[in-house]
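Order of writing sets the chain letters: A, B, C, D, E, F, G, H, I, J, K and L. Residues in each chain are counted from 1.
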Amino acid sequence: MNILILNGPNLNMLGKREPGIYGSESFEQIMEELRAAFPSHSLHYFQSNHEGAIIDRLQQCLTDGTQGLVANMGAFTHYSYAILDALRLLSIPKVEVHLSHIFAREAFRHTSVISPACDGMISGLGKYGYQAAIAWLLQVQQKSTEH
Amino acid sequence: MNILILNGPNLNMLGKREPGIYGSESFEQIMEELRAAFPSHSLHYFQSNHEGAIIDRLQQCLTDGTQGLVANMGAFTHYSYAILDALRLLSIPKVEVHLSHIFAREAFRHTSVISPACDGMISGLGKYGYQAAIAWLLQVQQKSTEH
Amino acid sequence: MNILILNGPNLNMLGKREPGIYGSESFEQIMEELRAAFPSHSLHYFQSNHEGAIIDRLQQCLTDGTQGLVANMGAFTHYSYAILDALRLLSIPKVEVHLSHIFAREAFRHTSVISPACDGMISGLGKYGYQAAIAWLLQVQQKSTEH
Amino acid sequence: MNILILNGPNLNMLGKREPGIYGSESFEQIMEELRAAFPSHSLHYFQSNHEGAIIDRLQQCLTDGTQGLVANMGAFTHYSYAILDALRLLSIPKVEVHLSHIFAREAFRHTSVISPACDGMISGLGKYGYQAAIAWLLQVQQKSTEH
Amino acid sequence: MNILILNGPNLNMLGKREPGIYGSESFEQIMEELRAAFPSHSLHYFQSNHEGAIIDRLQQCLTDGTQGLVANMGAFTHYSYAILDALRLLSIPKVEVHLSHIFAREAFRHTSVISPACDGMISGLGKYGYQAAIAWLLQVQQKSTEH
Amino acid sequence: MNILILNGPNLNMLGKREPGIYGSESFEQIMEELRAAFPSHSLHYFQSNHEGAIIDRLQQCLTDGTQGLVANMGAFTHYSYAILDALRLLSIPKVEVHLSHIFAREAFRHTSVISPACDGMISGLGKYGYQAAIAWLLQVQQKSTEH
Amino acid sequence: MNILILNGPNLNMLGKREPGIYGSESFEQIMEELRAAFPSHSLHYFQSNHEGAIIDRLQQCLTDGTQGLVANMGAFTHYSYAILDALRLLSIPKVEVHLSHIFAREAFRHTSVISPACDGMISGLGKYGYQAAIAWLLQVQQKSTEH
Amino acid sequence: MNILILNGPNLNMLGKREPGIYGSESFEQIMEELRAAFPSHSLHYFQSNHEGAIIDRLQQCLTDGTQGLVANMGAFTHYSYAILDALRLLSIPKVEVHLSHIFAREAFRHTSVISPACDGMISGLGKYGYQAAIAWLLQVQQKSTEH
Amino acid sequence: MNILILNGPNLNMLGKREPGIYGSESFEQIMEELRAAFPSHSLHYFQSNHEGAIIDRLQQCLTDGTQGLVANMGAFTHYSYAILDALRLLSIPKVEVHLSHIFAREAFRHTSVISPACDGMISGLGKYGYQAAIAWLLQVQQKSTEH
Amino acid sequence: MNILILNGPNLNMLGKREPGIYGSESFEQIMEELRAAFPSHSLHYFQSNHEGAIIDRLQQCLTDGTQGLVANMGAFTHYSYAILDALRLLSIPKVEVHLSHIFAREAFRHTSVISPACDGMISGLGKYGYQAAIAWLLQVQQKSTEH
Amino acid sequence: MNILILNGPNLNMLGKREPGIYGSESFEQIMEELRAAFPSHSLHYFQSNHEGAIIDRLQQCLTDGTQGLVANMGAFTHYSYAILDALRLLSIPKVEVHLSHIFAREAFRHTSVISPACDGMISGLGKYGYQAAIAWLLQVQQKSTEH
Amino acid sequence: MNILILNGPNLNMLGKREPGIYGSESFEQIMEELRAAFPSHSLHYFQSNHEGAIIDRLQQCLTDGTQGLVANMGAFTHYSYAILDALRLLSIPKVEVHLSHIFAREAFRHTSVISPACDGMISGLGKYGYQAAIAWLLQVQQKSTEH
């Protein structure tokens, strides 16, 4: 299965930023672990601090064969209606992931404006959230193949 | 690992209620699948439509050796501060699970008053959410054992 | 027709409580009058101060042949989303009744969280509200029988 | 008993408008049924799309012997404080009726600014709501006559 | 004087829960101290995690000779309008007690929906709050006896 | 000076309605007193329960020589933006009058949507409010004549 | 095509009112220009300051052959749910027009309660807004005729 | 009649401050005019920028024979609940006066927290507001003397 | 123990003001009773209608040996953030007292802006509230002395 | 006339996205039609998913001879204050266009933060909205040329 | 240049209060440093815990030759509209200073009601804020002298 | 000291935009003045209209030796939580600067979502704000060097 892992602003700093909260691994290391866990699948990775670049990348999914999406939009989660619209363009299964538990942090993080365009959300399970999201995408694909 | 799966009001009707949204399996069937998936662990199950019974059950966890909690509090999620307080009594890892994606439904379901007492949340992944929650609990236990 | 009259918290105190507002009859007396008014129909009665017991009772309606519901949920009307979910399980006709006129009392009583799961509401007509609700249930049944 | 049935804006279109929601009978037909159901009482009918005409008509009730009021103020229900004031002029029993269940429709219909001046409300019982309202008015009159 | 000490959800865990905030005594020990402080009075104790059981117990006070109430409703304080209604049934003097100072904690604890049915509130004085509440009840009784 | 006294809905019932609050005089009697108090001026009077009729009358003021306005818009005060617009058409001095003190009554009466188009407001001085308003209009005219 | 131009309160004062904002032409002159611009179509005009008269006129459209509506409801735009309901009776294409740009004026003008019943809105283009609205109605008709 | 004119913060600057809005007279000159207009009455004057001094002065009215109050509390109008309480101590007639029209200025000036303790308000009539307030106090006294 | 009883605006009028609510004793009489009840302790009393004088007095406590505070800030309770800051200067135990039950009165009295700087609150127990507050201060002192 | 048509995020997907709502034409086709409709004018087109790129482009208008702007900012309409500021830099006539009727869609689309910097808005008229906007720009230019 | 440094409630406790936040210097020491930094200018200092005394002092500035103002109003910043009005009396340049960063503290400190009457604000730069404010005042004076 | 001056959207237009508010100097000229004022320090400058580019630049500060930050985020100040997160990555001293006084402008500018990640704010002192911010950074560095 072709899966895109899409990370938003400041997630490129993982491992360098507040390790007490986010852990000391970089996301490159996490990608290696994910690829090791799902060896027979193609996991693509894209990160940007630019809202527009994320929208461009999401639109690309319409034509590049992406079959599932795992998206951690960082702070864009809380105000980017433009990303919401871009997510709505895609009819593939989509899961929203947050490393920390956003509902136990500051008030402005308790709202996700992109949730209505996603199929589910995993929050607060750390890097394992990405793994669970991918596993779920595979299940969904398997089921729709069986029909 | 000793894990309690705790379900709140109306979840005993699973399989009989809006199968288009919630699927046609009963939770008993789901428990069988979960036990099959984690054969070397003890998965306990408790469901109640009574807020007080749920609080009683949570307090029991202090002394009955429960090591992890997967809680789907149904509609109590949105107003039961008493369950929030009971969850705070427990220092074991706790994950909140919702079958449907609560942030894509009616406005009153966009708030979880129990989130501040949980370590994470999985929403909208259907019955797979329970499986991912258990897998995460096992990881957490493994890590804390390694130290 | 099989009809359930379901009363919520503190309605068992009717006749003992603020007679200036609620009248001096107990609900048992009102039930007798209702049964006298509709002699050819089965009117069942259940009251509880326990939210969970009310949900249990509503779920029972799925299998015990109840064909219509008259529900006065007392103060639960204003915050019990769990009862809302339980009401949604039932596809029989359902009417919400309030003895006093809830929209002319304190602000917190101006909201009914269970209304979206009911077919109608009668508020402020005293015990007559129950009679009107039953009469309407009979009309609805008659019509659907004629088709 | 002298009873005024007072209908507000657009209710003259009944039968021509969204029959799926409001039924296919005109209100003239409904009036005939009501008069047949209460043959020994005088049922007067007034409808207007003009807020001022409705206030004029309500004021007339002070002197024309009206003994009870059944009012369906249509959309005026949600903003006409002037009708609220006019209703307060009358000390006769007053019941608010809505054909559809206003609390299960758009948000702006969940508020009734005229409720504080009425004795009760019936919502969502279709044309039967008028019949129940009249029956209650008769009961109230009978009781006050007995004293 | 016959006084009921009524404790709500999670207060049975006193002494086992966050001793830094709530102290290390169990409520049973506090009851002993209270009985020692007021030897000539009957102090009854009831605790439940069940909203319905608390309402049942409050209704019992109408007939069991209870002359004063000291109520710590725990988290129910913040949303149980059903308990508010049950408190309104009782015309005996009633004092609301909170061990910690609820107005200096999380925002949702700054609201007491049961206050309008109580004569007073003591917040933040720890177990001494119960003692002061009882002393006040005795004063009130003494005064009304003098008249 | 040509002055229009403009009264809104239900003010024609003055003297017949809640005399404890509004006094027992009709507005016709009040007009006589006002004319007696200002014998050398033309006081015109218009009342309507119809928002549209009030707007028509206000527009007439553009051509009929009206030089000052005293307006008591009754309940329209709180929601009629159409009257606000009509008032803005007039460049003559305008005073808003309320018999009772609207800021000491129900919350919905604490807002005047027409205030931004008036030069002043008098509230709570009973019928004297009209007299003070007229006197102020005369002062304003006198000043602008002196220049 | 039979088109109704419907203007609400105070629009009869056009040309006499704040020419800096609204221009110095009367609406009669604007109607002449519109008729000259669309010589092969019937443009009917109706204006009223009376909410009820506007509702009456809208209801008439059900039977008088009106095929398209251009409505500038003036201040009624912001609170008349009764006009909203009347507009919903009509299945012809409907465009809302505002001479000034209502979203750049006072806060209360930023809401249009009638928008949900219209197909589109033109705001701030002055009298040209009417012309654009009619042109769009003709396009819509042409398309539906082609099918 | 003994009348106290009570002015709050910054009103001692009258005549020196924004003459375009407040006029160029000092309040001492205005007091002279008021005394000339009501030669047979005792008009006392007190101004302070100190909230506490105003409360002290109001309490004095309980014993110094003051029979009526004209109060312009300046900006204290909008937040001083302590002055509200002091006003409630007095059972004499009380009128609130504002030189400018507070409801046509900034939003924070649209609320008067002291209004519930006053009999009426005059806003926007300039210095004439004081004169109208005194005239009304005299009328009230005359009436209560006649009884 | 050195204890300061600090009363805010209008509490000097006790006994003269609304005796139905506040009792007919002056606070001087209450102080005598309190001193009689705690003969071996120094009870100091200060009252002012001046916010600034109260802040000055609170600052004095830093150097005059005050060991405990009982504060009834009257209406300042609801808006004086300056008193909140002054209370925060003091590390002695502090109890907030209200004679009437502020949470059962007007809405603006349901908020205490000074609560976050106090250890507890007693509301609605009349003059007994002061006695209970002092007794608690003595207990706290005794405990900290034992350590 | 030199006119810039500026489109925001996701509008490059027109024709590929929800054709039921937005039509099946790409914007390139729409541009051809617009150029055909206004052959004697220069219509420039720019689209970007990047907020910053849009701001850069707007700033360019200060020096590249653009004389009018038609802007459809997509989802940026609802939160980009930075684009608002950029629009304010330009003194040319500016019209906001929305293909669908934004006031009849989700709540977050009912707000346009860029409206205060535009001269008008057209919403819900589909691609015709662009045409009407250009026609209005031409009229405005013509008028200002005539002076 | 004649500059007034004006400090509000509790700022006289500087150095004695929470040194971790506010530093251990008294304001007298800070004044010495400021005077040393600006030896050729007259820096006057006034502090009070009394809102009225601060207003009195501000009014004095109209006549005592004050040419610039540096104001730290402490907690009055958040609710004293009376100080706002007093600041508006002065046409000299005025800067608001806060020692700590008020926007990073409790929610009630995020609002400054006096900002609209000041030319600028410096928040969170500690005692250096006063120095920067004075330097800016000198620059402003120099510029206006050059003209 | 190595200091970054970071400017957000539209600040590159300084000198070309509303000179009445922002002055007629370009920011390049201001940078020259700042460098002249602090000749022994390295002042770096970066401006972008792209939110992502600003985040990239902030992240660079982790490795390029930047020791202090002066940030004027323009309109991003009011909604960019992504910039807030990026600012939190940096542990160097950070000051927020605004040329105009944002609290005296439109309501949406009264909120700064980035304030919680800054040490202080200077608003409304024009270009001098940058100078004061740099001076403060130097003071802070000097102090931490002395320890």
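Keep in mind that, in the parts below, a residue touches a chain if its C-beta (ideal position, glycine included) is under 8 Å from a C-beta of that chain, and two chains touch if they have at least 3 such contacts.
A quick note: this is a predicted structure, and the numbers were derived from the prediction, not measured.
Asker: Give me the fewest steps it takes to get from subunit C to subunit K if each step has to go to a chain it touches.
Answerer: Minimum step count, subunit C to subunit K: 3.
Asker: Weigh K-L against F-G on C-beta contact pairs and write down the one with more.
Answerer: K-L
Asker: Assuming a repeat means more than half of the contact pairs shared by residue number, which candidate in G-J, F-G or K-L repeats A-L?
Answerer: F-G
Asker: Could you tell me the distance, in whole angstrom, between the mean C-alpha positions of subunit D and subunit L?
Answerer: 64
Asker: Between subunit A and subunit K, what's the gap in Å when you average each chain's C-alpha atoms?
Answerer: 49
Asker: Provide the list of subunit J residues touching at least two other chains, using ranges where the numbers run on.
Answerer: 50-53, 79
Asker: I'd like to see which chains touch which, written out pair by pair.
Answerer: After working through each pair, the chains in contact turn out to be A-B, A-J, A-L, B-C, B-E, C-D, C-E, D-F, D-G, E-I, F-G, F-H, G-J, H-I, H-K, I-K, J-L, K-L.
Asker: Along subunit I, where are the residues that touch subunit E in the complex?
Answerer: Interface residues on subunit I, with respect to subunit E: 95, 101, 103-104, 112, 115-116, 118-125, 128-129, 132, 135-136, 139.
Asker: Which of the residues in subunit L come into contact with subunit J in the complex?
Answerer: 8-10, 12-13, 16-18, 48-53, 74-76, 78-79, 108
Asker: State the interface residues of subunit I toward subunit K in the complex, per the touch definition above.
Answerer: 50-53, 55-56, 59, 62, 79-82, 84-86, 88-89, 113
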